[in-house]
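Both complexes shown next keep chain A, but they swap its partner, so chain B is in the first and chain C is in the second.
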Partner chain A sequence: MSGEALLRVRNLVISFAIDGKDCPAVDGITFDLERGRTLALVGESGSGKTLTAVSILGLVQPPGVITGGSIDFDGTELVGATTNAFCAIRGRRVAMVFQEPMAALNPVMRIGDQIAEPLRAHLGLSRVAARDRAIDLLGKVGIGAPAQRVDNYPHQLSGGMRQRVMIAMALSCDPEILIADEPTTALDVTVQRQILALLRKMQRERHMAMLFVTHDLSLVENIADEVAVMYAGRIVERASVQQILTTPKHPYSRALWHASPARHRAGERLQAVPGNTPGLTQRPRGCPFHPRCPRALERCHQDVPAFDASVACFVPHS
Partner chain B sequence: MKGKRDTWSAMKSRRGARWGVAVLATVCGVALLSDFIASDKPILARIDGKLYVLPNLFTPVGLRPYTINTLIERMGKTDWLIAPLVSWGANEQDKGTAPLAPPSSRHWLGTDTARRDVLARMVHGSRVSLLVGLASVSIFITIGTLLGLLAGFFGGWVDVIVSRTVETVMTIPVFFLILAVMGIIESAGIGTMMVVIGLVYWTRVARLVRVETLKLRQLGFIEAATALGYSNRRILLVHILPNALGPILVAATFGVAASIMMEASLSFLGFGTPDATASWGGLLRGAMGNFHAWWLILFPGLAVFATVTSCNVLGEAMRDSFDPHLRHEVE
Partner chain C sequence: MRFLVGRRLLQLVPTFLGVTLLTFFLLRLAPGAPSLVGDDGIVTPAVQASLEAWRELKGLNQPLWAQYINWLSRFVRFDFGSSLIDERPVRTLIVEALPRTLVLTVLALIFTYTLSIPLGIHSAIHRGQRSDRIISGVLFILYSMPSFWVALLLVVVLGGGAWFDLFPIVGLRSSNMEGAGFFVRSIDLIWHLVLPVFCLTYPSLARTSRFQRSAMLDVIRQDYIRTARAKGLTERTVILRHALKNSLLPILTLLSTDLPWILGGSVIVERIFAIRGMGMLTFEAILRRDYPVIMGVTSLVAILTMVGVLLGDLAYAWIDPRIRFERTQG
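Entry: the complex of A and B
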């Protein structure tokens, strides 16, 4: 199954300077992304998953800075790359779908023009050719009557349709990697499934690599091949989707799974993960999860567990 | 997000805005057609068996020595002419009338110190007012928008330079600066006036656009545009500028009013249009020292007042309708 790694992220560290101290929001992340495969980054708010995703496009906003590690995209080093180098990649080879489809569309521009814009800017298509492609893409992402819809403004579309338009924009130049940052969070549950199915279908048809960022473990089953669970800026467990869903090894993965409503039967109580993700300045010594961990040992308070094969834990579930 | 139609209907529902549009449309019409409303040459004429088409625009050699009044005196039986509504040229001196003659059937709004018809001069003066208004506004909207976009988008030292320049220029009393420049430049005419007003009035627009850009830059679709690999130029011109157009349009409307006012003030003080160029401010200047000539004060004054007020009312209506919070109060 495994293809060549298109994206290799090694020991990536992204820090914010707070009161003169460097606080790593992403703390030594390593993963590979292969063509035709989907990796899901799962974690709570503040785990650094979105930051990791946007760093691939060079969109880490100051005061955030990449302070270490490397991001290798098809032989090109992206850490420290110039804006021009990123502009050659953004939208063409790596595209992104954002969380808020309302905010991510230009309110005063027809959706057809917005989908056609990357084609005209990057591929130099003529106005007419780009419009035809835009209509074609609208149809592909499942919008009915695309020839009419192409002249709509974003406010004339429903949330789900807007997200489809975003996907069409992202796919317009046939990117090799699609980054989807919580693409279904702002949508109705019924629409969520349709968008997930669409993303999955597009990813398979085009043999793209996809990085799917979500806080909801129950979504990954339908979309991902592999899952990386993030906590406090680190990957604490990485495994195939079946493994994560049947036998999660890290106590945090297990807690997340128990907190997910999808696997629960009616009448059963949901188990929330006690406590909160520690803030950037309050990361504890040792394993960052130990204050919330039911299995924590004395050792967990002192030492940081290394990432070993698939999990970073001294006392993993078997 | 509200559509454009809401903005327009909210605007049109204000009675003041309608009046503003009506007055401005009239002034524009008069300015465009001033040669057909007031001229010393006929619109169409047959003189000595020769047909003249639109001599009021082209001034053919054969009619050059004549005005409508002298033509009528020497017309034969087969000759005829169609005169404009006001059969006086803006610079035509009527030898048969006293200087500063009050309104009469010959000169509906009286004459000025050089025996020229006040109405004819007002009709042609509307051109100067509108031209100065629109040209100055085009200049300062362009400068202000460009600098505001750059300062808001790039921030850093670009922002520092633009913002400090804006603050510096804003401390200078605009009127006296323009007055001084117009006084120093010997051959100063309408062109100089437009450029000088344009070069001084851009600061407010720059501030406005800068803030608007700062606001827009934070929004998701600008981040999305960056993620799609668009150039800064494309992001600024295609994505930020169209979204900032509302406030710019409002500023432009107020700007037209301010520029017209400035032109009238300068011409009144004798630093604006040369005497040969008819302008509202210039007419008012003729009343200086001749306060009994109330027609020289009242009519040009009313023209300036109506035009400036209309621009301001329109600008206010536009500002209110672009702001959804205010829109409800209006309705």
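Entry: the complex of A and C
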């Protein structure tokens, strides 16, 4: 890793109290995010990737609580930061694009007003200036006739357009970090590609750091520089995109890759990863992946493999 | 939109017919007759004969369906008929009673909603915390106290019964108000309204604020609230600008269900405070089987309620742009 990290996450633990017991949904995560780089967090649902993403903005919903570790953003500690401190960062320096653009936009507010809000709150723009900027931003994210669209309500737009609006809103104050939480999951495949290309373009143009959260390993090739594969609240492998896609070391990364439709020809059977992600209260002892792992040894049932350089596994592929 | 309003207005017709038909026939199924005769129940042949003549005169001997058609054809010409008891036009009776009821119910409604909505929002935001529990507890205690009991208690305690003589307990006007100025009369009216409006307000607080609380809880779980927070808006802005409007939609429905009550009034409170409003008018008309009055009140309340519900739906469209859209499509 080179350069100064903009965001340093160290041993982050986020827990839920279930029946009086603290169950960690995110269990000791460490990663860095640098300016101009994109890190993809990849994992199945329940792996804690979204929780990690929202924790950076201090948006972990109770009963979830950050119980350990640190999130250092450009020299500011965000774990335990006040709401006021977060308000100065959210939308201004760290912005987020969410999964379901229909649900994530306020149904009773015009999209122009929704885009203008952060501009007015953070940059102190007047109503008129903020509206002009909103129109400008809509044009930049590829919405046709932005001067008319600015007065539309979310339900008048298609799914892809809504996600473009979300992106315009997130980019409005030129954030340093963009967090994209499954931004294409709710969209058609063709629209997915357009949105990915748009995110990539915006990230490069603005030299932003991007945290891209997805369950689909086949998406990361086009967008990420680095990939962190998460399983049961832990990062099990971290490597460059090239490495992950050509020589994944962790059996789980390999299984995910084999399960991806992009790797298969039409008509061929997908190889699903057997079993399910363990629930919060049923995390196994030892390596959390061992019940589903084809390579598991006796040792994997007992001990948790430490994260070693790029992988957390006793028997990594080479 | 205009098409929709027209269609909705047309749909009022069958509802209106249903309401009036049911009321008309159920009234006649109920035992009893218009009571001109005293409670002693002594009916001499002479009384019997004149009663028969009177029934003939009032058309009460015709077949029921003919009476209904007769009533309906006069009703659509805004002729509501006259009371069987004191011969005064039903319209006059309603015009006298309705403002008295409206001043009570509308005020009670305003107090209920202006208190309940902020309380509900506060409870939702501080869900499970002490202030939420205290608000819920107090409101449930109020809700559990029957209004006739509270009203009588207030009369005894504050109305010059046993302890304090702070508020008048009869009617809406003092007897010495002839020739008094507008200001003095207004103060007098407000003074008379305090107790009855309180009695109408306190029981509804629990219902409305719990409703607002759950609507708000539902809204603040939504993704767009998270989006609003992720923009760096203050919590106050998030709640007031993003959550409030969305959470008011269910409340609007609640408001339109209040309409029959707004127009019909409360028998108990009107009776205890001797206010001759719609509640008392209806109550006495039912006791005396004063058919034209009952029909007039029922029909008027039904029509105004239906129009109110329609207005509520239009207000919905005004708040929620999605509805506006679907309507221009349909």
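One rule holds for everything that comes next: the second predicted complex is superposed on the first by the 315 of 318 C-alpha atoms of A that agree within 3 Å, B and C clash if a C-alpha of one lies under 4 Å from a C-alpha of the other, contacts with A are read in each partner's own complex, and residues count from 1 in each chain.
Just so we're on the same page, a residue touches a chain if its C-beta (ideal position, glycine included) is under 8 Å from a C-beta of that chain, and two chains touch if they have at least 3 such contacts.
Quick caveat, the model's predicted, so the values are computed rather than measured.
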So, after the overlay on chain A, do chain B and chain C clash or fit? They clash
Query raised in the report: Between chain B (first) and chain C (second), which does A:122 come into contact with in this model arrangement: first, second, both, or neither?
Result: both
Checklist entry - Touch check for A:90: first (chain B), second (chain C), both, or neither? => result both
Could you say whether A:107 touches chain B, chain C, both of them, or neither, answering first, second, both or neither? both
Next on the checklist: Taking the superposition on A as described, I'd like to know which of chain B and chain C A:144 touches: first, second, both or neither.
Outcome noted: neither
Clashing with chain C: of 60-68, 114-122 or 294-302, the chain B stretch 294-302
Both chain B and chain C touch chain A at residues 54, 57, 59, 86-92, 95-96, 98, 100, 103-109, 117-118, 121-122, 153, 155, 166, 169
Note: in the complex, chain C contacts chain A through residues 222-224, 226-235, 237, 241-242, 245-246, 319-322, 325
Chain A residues touching chain B in their complex are 54, 57, 59, 86-92, 95-96, 98, 100, 102-109, 117-118, 121-122, 153-155, 166, 169-170
Given the complex, residues on chain B that touch chain A span 1-3, 219-221, 223-231, 234, 238-239, 242-243, 245
So, in the complex, the side of chain A touching chain C is made of residues 54, 57, 59, 83, 86-92, 95-96, 98, 100, 103-109, 117-118, 121-122, 153, 155-156, 166, 169
